[in-house]
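Heads up, the next two complexes both have chain A, just with different partners, chain B and then chain C.
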Partner chain A sequence: MKKYSYVGKGVPRIDAFEKVTGTAQYTADLRLPGMLYTKLLKSPHAHARIIRIDTSEAEKLLGVRAILTGKEVPYKFGIYMQDKETLAQKKVHHVGEPVVAVAADTEEIAEQAVELIKVEYEELPAVFDQRDAMKEGAPLVHERLHEYKHAPFIFPKPHTNIANHFKLRKGDVERGFKEADVIVENEFYQPQVQNVQMETHTSIGQWLPNGQINIWTSAQSPFAVRHLLSVGLGVPIHKINVVVPYLGGGFGGKAGLHWEPLVVLLSRKAGGRPVRLVMTREEQFNTTAVRQGFYARVKTGVKRDGKIVAEELLFLWDAGAYADYGVNITRAAGYSCTGPYEIPNVKCDSITVYTNHPYGTAYRGFGHPEFHFATERQMDLVARAIGMDPVEFRLKNAALPGRITATGEKLREDAGRVDECIKVVVEAIGWGKKEPKQVGGKLRGKGIAALWKAPAMPSYTSSSAILKLNEDGTVTLSIGSIEMGQGTPTALAQMVAEELQMPIEKVKVVTKRETDFSPYTWQTVASRGLFMEGNATLDAVRKLKEQVRETAAELFGVPKEELVVAEEKVFVPGKPDKSMPLAKLATAGIFPDGRGIGGPVLGYGMYTAEGLTNLDPETGQGLPALMWTFGAQGAEVEVDSETGEVRVLKMVSAFDIGKSINPVLLKGQVYGGIVQGIGSALMEEFIFNEKGALLNNNLTDYKICRAQDIPDEFVFIPIENPQRNAPYGVRGVGEHVRISVEPAIANAIYDATGVDLFEIPMNRERVWRALKQRGEKVASA
Partner chain B sequence: MPLPKFDYLRPQTTEELAATLAEHGADAKLFAGGTDLIVVMRDKLVRPKYVIDIKGIEELRELSWDERRGLTIGAAVTLSELIASEVVRERFGALWKAAGTLADPTIRNRATLVGNICNASPAADTAPALLVLWAEVEIVSANGKRVIPIREFFKGVKRTALEQGEFVRAVRVPNPPEGAKEDYLKWGRTRGEDLAVVGVAGLVANSGKKLVRIALSSVAPTPLIVPEVEGVFKGGGSVEGQIDKAASIVVEKISPISDVRAGKEYRLHMAGVLTKQILKRILGAS
Partner chain C sequence: MSRHEISLTVNGERYELEVEANRTLLQLLREDLELTGTKQACERGDCGLCTVLLDGVPTKSCLVLAVEVDGREVTTVEGLSRGEELTPVQRAFIEQGAVQCGFCTPAFILAGEALLKHNPRPTEEEVKEAVGGILCRCTGYRQIIDAILDASKSAKK
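Right after this comes the complex of A and B.
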């Protein structure tokens, strides 16, 4: 009988007090002695050569400490593709790209200085649509693409705008289409959107004259920041220390490297004074990274009995000016392209295309919300073409354990179950129940969509954890993974307390991440944290116990196998004289005569992703997935055909999460993700003018969900088929909750109105237009 | 993001305010709630040398009502104060409702009604209600005082009838005719806080002669009243037919633009939809 039970319980977040009272520190809260403030001069053009920069007037301004232009910082950065300039060097690539940076004693002075700088540009032809950018003779966003360094699994096409072309070939798609009774082909489109974190990108950098670089930053990936900075600047890693306090929302947009090189380089020019940059909300939209735009063409061949025999997919990503994570999003979406279904013959081309838009980066779901909109709409459209119920059609093709994915992976027996997710969602939303279609003059409908995703990461990524036993018997856990609202530290504290059988109040998880001290982790991305940090933490607990037992065995004179660590003690069960508080072993064991033995107790745990391989460059075949998390979303909507308003009445969701470690935090993740998905489904979009300038770079005109826009009802049903190699059986779900919200709503809109939508956001005006067009067609028929 | 440098002045009386404006008018901006001013200053769209805060003037905090004069809303009265007023809620329903749709509670705690009309946005939420309620604007300067109907106050996008050196002391709203019914409907891009894609206020009364007034925002360079609507209801025919006719007149008389918030076609359509909805409500037609 366990005395302490935390796993599976809704224990309060361990950071709740700090966050609710405002004592939690974020990067922008930090004030360092001598700190300077940065303002940026940004490009007004989408594509232009920089002819001349005149900073002479700005330099005269009292309080200006450093002015930096691209010419002085000829570095290129990038996680998968080394293409990103800190400040535009010879030309600007998008409206809002930083051209000159000023560090000054105050923000006011920096801003005045920026206004005094004159830049002369020569405009170049620009390209804004990824389809146009792929055409012969299109303006090139990066003329030197063939010289750029890139990861081995990225395939750029020199002298074009193609930053990566991922190919997937399974079976024989031509033969498959010949076997098909019905072929359905459709196109889908989504604009660029933004992550809209509450905290905008914030970095403080310091490059001391002795070569030491210190960074405080709002980053999801402190170790990646350190690594990429080291590679880009040619500075050894041990000279770089990256500190990340609490993060005010990441959603992928703070993964990798962003503005850290800029503040560090400004600091170097300012003689080593710390330099701070806080992006304004407008800059968050225009200048920092966004989610890529997306175009898809999907062609599906199906037998009359509902079996899909072939699918050909083309995904074209509007990466904007720099490739950043975009090239790997392209790859991840490419290898997951079928969605959670087994299809014998698949051909997918997923292509990252440079344009003169703001640059794309990771965004919660890493390409999966985008392509699932296409594939899960397509599932409904194909089912309709053969007259089959869309639920039955999905179940018939479901990727169940033992079935083969598009990359040739045979799904493990303990893989999750998409069919169970679909079935419970269908049940809870009352699928097929006879209900009035019209309520108060408005049309009601229901839609479902399934989903899957695996962490998108290199095959060998790893995590580690350090668990220290303190002098009073409490323990302190250090991890490299960031707390950005998702609650991983709380879940890990639950695991530690459960494993050590001690009160959770005596477990501390260090809040700050600091690369000089924190154990390594690859990044806080990809819904991998609980799985990977969890495995590393469990390993750390094992090591800590092992060390305790080794010392105690000497002290008690018993074999260490007889010893148990629990309830803040180490003891031999049933022998009260062979028992000792852990506190007495924290720094060393002590024999009765005073001699010391052992030493400070510290468990170092690690975990490396298992069983992943590279994918074949020509066919995409291989093992990309640490785990697949499956799920399904159901939406019930009400459509006002007079105004085009779509109201989401109810969302029903199920994910096979393996095990719910903290049901309360889990619910928060689910609801939050769905709300974010509804924003993208119904209102969020970048609107540009014909010159590539963003017209809605603020929260007045870039709409996100507010309280009035969220559904009346959420139903979440956890499915718990444990994954054997996971801590307590868990699978990641941070991103999945936000996938397939859009297609579920679009499918429900069809159910309500009989109108098919292929483009998001499905805002009031767009839905009104679509309904009106349909009305006109019906009238003229 | 820092604001451009300015001198902050805080007069204590309207006389002092008038004198300050007379001296600095060309270089000064009046500051009440600041919810419009601070935004344009931050964006460097205006760089006033002087920012004159009117919130220290007790007289401008007046929010009063009496049987004869109706409602007086001083220039420093916030929308939250207006919404909290029982008499506004009971007697000036369209205005009360319009005030409650403007932005969100945090903004309404600062923003003033007079500021909303002086900003003269085509989308001003309180303007259509003031138009159908026949409100008057009391304008003061060092040279004296004048009162003009709200209809004559809006002169263009972000332009008003105020001359240099003048300020609005208060908006006066006469009591609506006996038995009047009024309402305001706003259509945005979302259910959450938004600027109006179209806003429509309506008022009907039947005391002696039949009154029907419709005014709109976001469909022309200024908020506007459509007086032609009234004629429709003087003639015969079914109420439904009259309402349809009124809506088509509204759509004819407005001139919305296409912008980042909505297309012209959608605005025209929604102006018709909202006009019908509001007339049905206030005429009691099903």
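Right after this comes the complex of A and C.
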């Protein structure tokens, strides 16, 4: 019966032709009649009161159409915490924060105008380290935190810099430590980094005099843009239309709302002309959102036999000037804090702290790459303290089906298997094999790290899909989830072709999103797309088939249960006279005498996350996870002890993805995620001066991996234990691929050199210093 | 700003234009000729996404002034395929999964085309060298390298 089989095949991505020919349009490729161009005047100070803004000279410049200051736009925006100002209002909160925006006929004129604006500031004491920011008497980044609206699952502490304090309490951690034979405590640190999407944040906004707001933007979540703008501006949602063309990379940094309010407000001031803002690369670093900095203290109590009995974790997040997604990253990392292990007694405090740094947001992995660096380093350090092999130690404590997570969730029988991931990685990397440690004067070592993550999202998020049957029997699928390179629309096309048993060439998935027309989805984030849009799409297929069968049943005079929809036909099996091409009833069914019945065929499908609950505010107990995707990474590295240079020779990865829908696109996610992880492991970091100004705000001084920096060898092993409530059994993996890359490399560096690193990036200088320090210790011993 | 008359050939079509002295080739292509397949992502020569072929040589168009291309020949991504017919490099990018968000894809394809023209059988190291000045954040480069190597094998001998 199965004539076509698309699920599991490396079908070329549906958007590839446009992308290889340069016809794919991104937001900055659009040009609208009357469009104005924006330039920003940004704060040179990390924390300062705005005393006076003089725009009089700029206003005189020919071609300047609108100048906007913070005083004129007293709105606050924010997905979980309404704290974000479009333009700094009374004071600036970080270097690079926009203070004045100019819209002009050309970018050059806007730039000239910005240079003519004078701003007088009064500098305030600033705070740059989250630990300092938590101290009594620290300068407050937001004095009016107590007045801000926020989501019910966020717990700010008024009159401090704490934007959220997530608490997790399982069992009795003090009793657990008393039972422990050995206690190991370590601290870990990571700086702020940036998503470095190749397309910088770009938005075009138009606020027409009749109240209609039109937005074209590089956003991952068009429906969230619409919603948050509506809340912030007090405008009804039906007056806002958000269009998202192709997106030049998101990685979380384009989720939620960013510069859309600014262009819309500028447009209003410019009489409704469309206004465009393309962030420069420098602004992408200084002004738009970044990944939060991270400090962790992890204390683990373990029995001699390798069973972990207690763990106490403190995560402090450098949120920068605004909370944005940071407060929910804090929460997500908090409820996943143990990593993929069952620990009976756990205490975790995960705290978002405002500082005068650029503001933090989501970045692929949503806090998990950060805390797994700490917990997966800690696993190796604890194993060593009790003289156990790190692989055996992980397997002994693994969170297997039926085991209880830190939030009290009993893992379902079809939850996926971290132990299988670890075992195949260990095998493929040649763990424990006797191999030369020194090759050509360089030191070689291997390390592994495991991981888990569930989509971090409110408990009730939903997705929908619309599948239309066209007049010629082809079908068109619309979804709200955007295409940013991850390939979800292609995978959905494969599912539709499979379900309808029709050639994939006859399935179109609309790639542009427009909130007036596209069906709703919460956001394109959290590795939730294939699972949630997939379930909504399968539901849409069911509804489409149902409508076809209802009409055909009347035409054929048979019960609808006897009818099958497949191979572009509706038919009763074994009865060739009871068969009709789908094209014939796409708009209506027609009786032989010409009467019409039924109507245009359209399947509307939906899916709402199942089985999630709120978490207890005091203990964090509850059900936060739609699904857990487990995985393991193995790294083989070569360390040059002369220069401190670390080269990753080989990466071995396994994830329990349930089912591979498209192995070619899947491989792309894996390789791409690993290379991002190598970037933050070895080279990426924000370097500030003592006044909080970013010193490396360009791609010369802030390096990301180039083609020459990738491992010599990638080995990816998909594990396919299906998740029963998922379409074809799939689990999300878009973020997981870049989790635990850093600790696998750090553990390999220890294996190679005997040196422990607790801070990333593990760049030449840091590694060289650590090697030198150890050398001195050895010499003096 | 002084204005200058230039003539150039872009994707086989001749243009005569008047440009300001400070206009870059990137601005000329994207804004004056509306060839938006060439991407702008840093405007200072760091990322390589604005790569075009200038007389066949991969060149960062943000670092070239429009007046410098007077009398010269430019190829952008729009000039590679003929209708539905893709080049071997373009085809290999699709087959190997070398495309994700697509923002850097035109630059890598042009660099690949130029490499295979003067070195039809490059080694992996030569491919890495040829694309080393172009950044991609999605793919991890592996499939891009494989696509160019694959195209070198499938191209007519």
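Definition applied: the second predicted complex is superposed on the first by the 781 of 781 C-alpha atoms of A that agree within 3 Å, B and C clash if a C-alpha of one lies under 4 Å from a C-alpha of the other, contacts with A are read in each partner's own complex, and residues count from 1 in each chain.
The rule is short, and it goes like this: contacts are C-beta pairs under 8 Å (C-beta built on N, C-alpha and C of every residue); 3 or more make two chains touch, one makes a residue touch a chain.
The structure displayed is predicted, hence computed values, not measured ones.
Once chain A of one complex is fitted onto chain A of the other, the partner contacts of A:Asn763 are limited to chain B, with no touch recorded for chain C. In the superposition on chain A, contact is made by A:Ala16 with chain C only, not with chain B. Contacts of A:Val196 after superposition on the shared chain: chain C is touched, whereas chain B is not. Look at A:Ile687: by the touch rule set out above, it reaches chain B but stays clear of chain C.
Residue contacts after overlaying the shared chain place A:Arg31 against chain C, while chain B stays out of touching range.
By the document's definition of touching, of the two partners only chain C reaches A:Gly672; chain B does not.
In the superposition on chain A, A:Glu636 makes contact with neither chain B nor chain C. If you count the residues of chain A touched by chain B and by chain C, you find the higher number for C. Legend: residue contacts after superposition of the two complexes on their common chain; A:Asp751 is shown touching neither chain B nor chain C. Of the two partner chains placed by superposition, only chain C is touched by A:Phe251; chain B is not. Shared interface residues of chain A, touching chain B in one complex and chain C in the other, are 280, 700, 705-708. Touching chain B in their complex are the following residues of chain A: 106-108, 111, 280, 642-643, 647, 682-683, 687, 695-696, 700-701, 703, 705-709, 763-765, 768-769. Within the complex formed with chain C, the chain A residues making contact are 10, 12-13, 15-26, 28-29, 31, 195-200, 246-251, 278, 280-281, 484-487, 664-665, 667-668, 671-676, 698-700, 704-708, 710, 714. Across the complex, chain C meets chain A through its residues 30, 34-44, 46-47, 49, 76-78, 80-81, 86, 90, 93-97, 99-106, 109, 127-129, 131-145.
Chain contact summary for the complex, chain B toward chain A: residues 1-2, 5, 104, 187, 189-195, 260-263, 266, 269-270, 273.
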